[in-house]
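Going by the order they are written in, the chains are A, B, C and D; count residues from 1 in each one.
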Amino acid sequence: MELFLQQLFNGIMFGSTYAIVALGLTLVMGILHIPNFAHGHLYMLGGYITYFFITNLGFGYWYSLLLSMVILGFVGVVMERIVFRPLTGQPPINAFIAAIGALIFLESLALVIWGPQGMRIPNPHPQIIKMFGITMEAQRLLVVGGAAVLIVLLHLFLKKTTTGTTIEAVAQNREGAMLTGINVNRVSSMTFFISSATAAVAASFLSPIFILSPAMGAVLGMKAFIIVILGGMGSVPGAILGGYFLGLIEALGGGYISAEYKDVFAFGALILVLSIKPTGLFGKQEG
Amino acid sequence: MLKLEQVYTDIGELHIIHNVSLNIQKGEFVTLLGSNGAGKTTLFRTIAGVLKPAFGTVEFNGIAIDKLPVHKIVDLGIVLCPQGRQLFPELSVKKNLVMGAFSLRGQKSKIKKNLDRVYEHFPILKERSNQLAGTFSGGEQQMLAIGRALMSEPSMLLLDEPSMGLAPLIVKQIADVISNINHEMDTTIFLSEQNANMALNITERGYVLESGKCVLEGLCKDLKNDENVKRAYIGA
Amino acid sequence: MFTKPIHTKLLLGFLFIAALFLPLYVPDSYMFQIVITSLLFAIATSSMNLILGYTGQASLAHGAFFGVGAYVVAIMTKAGWSFWIALPVSGLVATGIGFFIGLFAFRTRGHFFAIVTLCFGVILFQVAENWIEVTGGQNGIFGLDSATPIPFPFFGPIEFSSQPAQYYLVLAVLLLTLFVLHRVVYSIFGLTFMAIRNNEELADALGINTFATKMVSFAIANFIAAIAGGIYATILGAVSPSAISIMITFNFLIFLILGGMATLPGAVIGAFMIPIIMEFLQFMENYRMLFFGALLVVVIIWFPMGFFGGLKTINQKIIAWRQSNTSEDSNA
Amino acid sequence: MKKLKHLSFILIAGLLALGLFSPNVYAKGHTVMIGFTGPLSGPAAQYGRDNVNGLEMGIQDINAAGGITVGGKNYKFALKTYDDHIDPTAAVNNARRLRSRDGARFIFNPVFNTIAPMMQINQQKGSEFLMMAYTSAPEVDAMKNPNTIAIPPPFSVYVGSYVKYALEKGWKKCAMVVTLGAYGDGWRKEFESAWIKAGGEIVADQPANYYTETDFSAQLSAALAKKPDFMLIGGPSATTGLVIEQARNLGFKGEFFMVDQAKLNYIAEVNFNNDLTKMNGVTGTARPRDLAEEEVIEPFLKRCLKDYGRSATSENLLNYGAIRILAAAMEKAGTVEDITAIKAAIPEVLPMDAKINLLPFIDLWGSRFILPGTIQKIENGQYTVPTTTFWWTKSDADFKKAVSSIPDIGNTNVNVPLEGYAK
């Protein structure tokens, strides 16, 4: 039972990260129909920016996190402007190639600037908490809690503010949104900003427990991509549920069945879902 | 108010609009007749800025708008209520309407006023204000689309085939509302229709578009008696 | 420019002769190696072109089929089978796996199809990494003999351990592949592929069995990809999970898009151009991938149709210009 | 925008031309070209760099000492490195390039996956090269490739040490959370059979991918639920450090054994900011410092720190040693080109003066260098003296000679002929 709870907690912790990274990606994919494969690499860059502020400039953890959000947000805006916007109207596979180009660029950039050596952000909350027979680090609890707060905030932003609603409007009907006077390009920029900023938050949450390396974004990016498809492209609840779902499958499948084939469970589940519902859990009919 | 001069529009390699010039005065209620594929929608999209003319100018109140992005044109007061409605299917009716007032963002009381007025024109939208737009029937969606277009208090409304695919009873209802809008709110309306019967009965003046060319223009009462128009669009 | 059919034929003839005598003038074994692997990738990229370029289905499992071919050949030749039996078997195994995957994947469309096939690709990669008894795990299978010599009367057996022999083997398979693809693409069947690419609903309405058609295209593409992989195994003499990794798919994709999608020469040009550019960029060391990433973005923005697509557009403009010139002449 | 377009064209074309026509400065004159292909980008990039750094230092020292003299001519050494990001195709291309363009007859590579295909082409007539394989995978030896030298000891050396140590402690239950992949699989298999043979028990075997993952709590929770006495862990150093940290946070009080890929000092530096108290109870293969005499090794360690900003790893040390041995063998063989003769001359120049190659004892057996295997523990926030040094020399006489060649630091020396290596 203790083991189960422990695995459950691990699953939720990872699911939280997946959920916020996938959330950022689903906004971008829903709105621009851009398969932004470089999203995981933005996440990686976010971790390094936080590292830079904490280690090189000696800022506090939370200040660094905020700065990282803002800076990475602008990196996302720039990326949208110079990489993806010129590709509007081309087949999506081209945007996909551009995204691969962008991710190669970002990974090499990190390699050139910070080198290949793994780097570490000192853990701001190293306390150990014991509860219900399971042990957890405070920082991990922060990941779970922080992710939940972020999700709620984003939800409120999308549902309760006019600016947030414009994002949904553009995602649902681009031309319709244009005709109501929404500046679609600005919404695209804003979406990229939010998407990148959430990736920076996820990276800042996780990097004190893990290690920064230029290649760290690849796997997470791929998983986020899969979650977005699993949940239904552009669907916010789909990304959140998909994220937690994947985290739990990995933790439980990896802990109880076979660690080697851990990823097979995750990807297998996706295939299963899509062959039953070809547009994802919360996906609309294609139109 | 709206002035098109020698407008040509291409879509891809196809030349859709050829040398169209027209002029609409403030407060007028004008129709654009044309059969399916005549280029009505393309012409409207060109005016609204979704498409850019290959040649020619579009002026609104003396300002050249043919190079402006769509949202700037909306800010100037031209709103297109598009064919196929282009609603936000997963937003509620109310949110769809509020989005329609995007160019008035920040002016809460004005939005509230406009919302009440749209509800007045279309009571059914008020009843179902929390329902998702995607669940509506065709007629209701059309009402919502018109309502949304009105939310920004446009000085000019472009209505692209509002009657398409709707039952005659609903067409009548919509036609009444459109007339009301023109009279009461003093909104200039440019209406495109295949259904010439309805259009010629409520509007004052009309243009006839054929294969992307403007072949005829005149007052409605004259158009109604024109043999060609009769044959082609009224079916009498 | 090659605006007349006779020009194209001359160019192709010249290229063919140049290719035949290449071992005589290739400067060193390094350049030769690049030519051989590029030809090999050209085979795989051409087959990806069939499913992606002509049928419009972005199969991201393509590299995995290449890997399946490599593994089957490695396993069978290690077990003592002749390479010439193992090679077609590898194609059949890949087709079989492809059929199974297709049953699931073709229920989806567009992005979703891409992702489902990507997932299958990742799963095949994981199997290759973890099924140690069969695949050798991360070490893979190594120490493979080169292709079994073909006994030849009078001349003695043809061996495949030297670079020229490997080169002719790959060249022959590439030419065969291009021939087959040419026949397929310009047949009625090829038209149905393109009909599906252009509008699947419409194709369905026209009475085309879209599922079966896509499946056939997928099967041919996978078969050829596996053949390429099988030859790769015998030339490299070692197979490891990197032969089945997602990066292989991405590479083929990059070759195809930058070369020019939905054109037969485009795939070949891409498979040659990119590796050679990458080798020339070696001098940039740490900055090489940085530059390559940026290059990829720039090229895709300015040449959305790829190199060959761009060439075609220029060509068409020249033709149009000439025609207008001649018509003016005749008017005068 | 138009201008930008033209500019970028010119830039790209220019760069390509530069690559095409850049003169090959190394190929001329009396130079011995050393080649390297390995991961310089991607998850294993640091590992690749560590190898290169060792080679670089070795070459600097050879040249500083005036190079080598062969056939009356003076030769300087030069190094050419290419990135293959562990892609076999790229590795073979690089090897071809190094051999035919750069004229390198000695090519180093630190990853088994890319070594294997390179061993397919290193005997082709006219383009032979000596494969300098930095891998502890025993498969390299089984391939019996005459043009290959494997540098580090096979990991079998360490398995015996760990089993012996665990038996002395009276432990029984072992849990394994080792990296996935052939290397890790080899380790697991080897350790499992040795431990069971010694009467121990493997209570959990939860391998994980140390290259792509960063969270191991799923595997660790499952392993710790079985209440093991000690754990065998390890893969790349930084991630191994995470495993230690995460296992401690999950409440594990027992000790850790690390596979030889993970380095004690590296983990202390990157993961724990050199706070050794956080690594109490971790046993790993010996630091470079413990392989040689202090006066010899200290300057080397300082230099690594100064030149590369990192403490030395055994990759630095062994590659350094290997290149110095190669240089000596060239002089002995009287050729810089005949790799067979050079390889044959290696046993004749060994043992070398430890001041030159830093390694007090090293021998060549078949295609692999023989080096002692030593394990070491961190206790009370300090490195302890390595407990046992394992030797796998050919004979008792060699063993005695070997033991006498290294400083006596109070450890036990044992000679264990390894399976597959003893004739």
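Criterion: contacts are C-beta pairs under 8 Å (C-beta built on N, C-alpha and C of every residue); 3 or more make two chains touch, one makes a residue touch a chain.
Computed from a predicted model, the values in this text were never measured in an experiment.
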{"item": "Any chain in contact with chain B as well as chain C", "value": "A"}
{"item": "Distance-to-centre winner among chains (Cα means, whole assembly as reference)", "value": "A"}
{"item": "Chain whose Cα centroid lies at the greatest distance from that of chain D", "value": "B"}
{"item": "Chain pair with the higher count of C-beta pairs in contact (C-D, A-B)", "value": "C-D"}
{"item": "Distance from the mean Cα position of chain B to that of chain A, given in whole angstrom", "value": "41"}
{"item": "Centroid spacing, where centroids are CA-atom means, of chain A and chain D in whole angstrom", "value": "36"}
{"item": "Centroid spacing, where centroids are CA-atom means, of chain B and chain D in whole angstrom", "value": "74"}
{"item": "Residues of chain D whose C-beta touches two or more other chains", "value": "40-41, 180"}
{"item": "Contacts with 2+ other chains: residues of chain A", "value": "107-108, 111, 260"}
{"item": "Overall pattern in which the protein chains touch one another (line/ring/star/complete/other)", "value": "other"}
{"item": "Those chain pairs that satisfy the touch definition", "value": "A-B, A-C, A-D, C-D"}
{"item": "Chain A contact footprint on chain D (complex, rising order)", "value": "40-43, 45-46, 48-49, 180, 206-208, 212-215, 217-219, 221-222, 225, 238-239, 241-242, 249-251, 270-271, 273, 310"}
{"item": "Chain C partner contacts - residues on chain D that touch it in the complex", "value": "5, 8, 12, 15-16, 18-20, 22, 40-41, 81-83, 86-89, 92-93, 96-97, 99-101, 112-113, 116-117, 119-121, 124, 126-127, 137, 139, 143, 180-185"}
{"item": "Residues of chain C touching chain A in the complex", "value": "52, 58, 104, 107-112, 114-116, 118-120, 122-123, 126-127, 129-130, 246, 250, 253-254, 257-258, 261, 286-290, 292-297, 300-301, 304"}
{"item": "Chain C residues touching chain D - in the complex, by the definition given at the top", "value": "28-30, 32-34, 37, 129-130, 132, 136-140, 142-144, 161-163, 232, 236-238, 240-243, 247, 277, 279-286, 288-289, 291, 295, 298, 302"}
{"item": "Complex interface listing, chain A residues touching chain D", "value": "2-3, 6-7, 10-11, 13-14, 107-108, 111, 115-120, 122, 128, 135-137, 206, 209-211, 213-216, 218-219, 250-251, 254-256, 259-260, 262"}
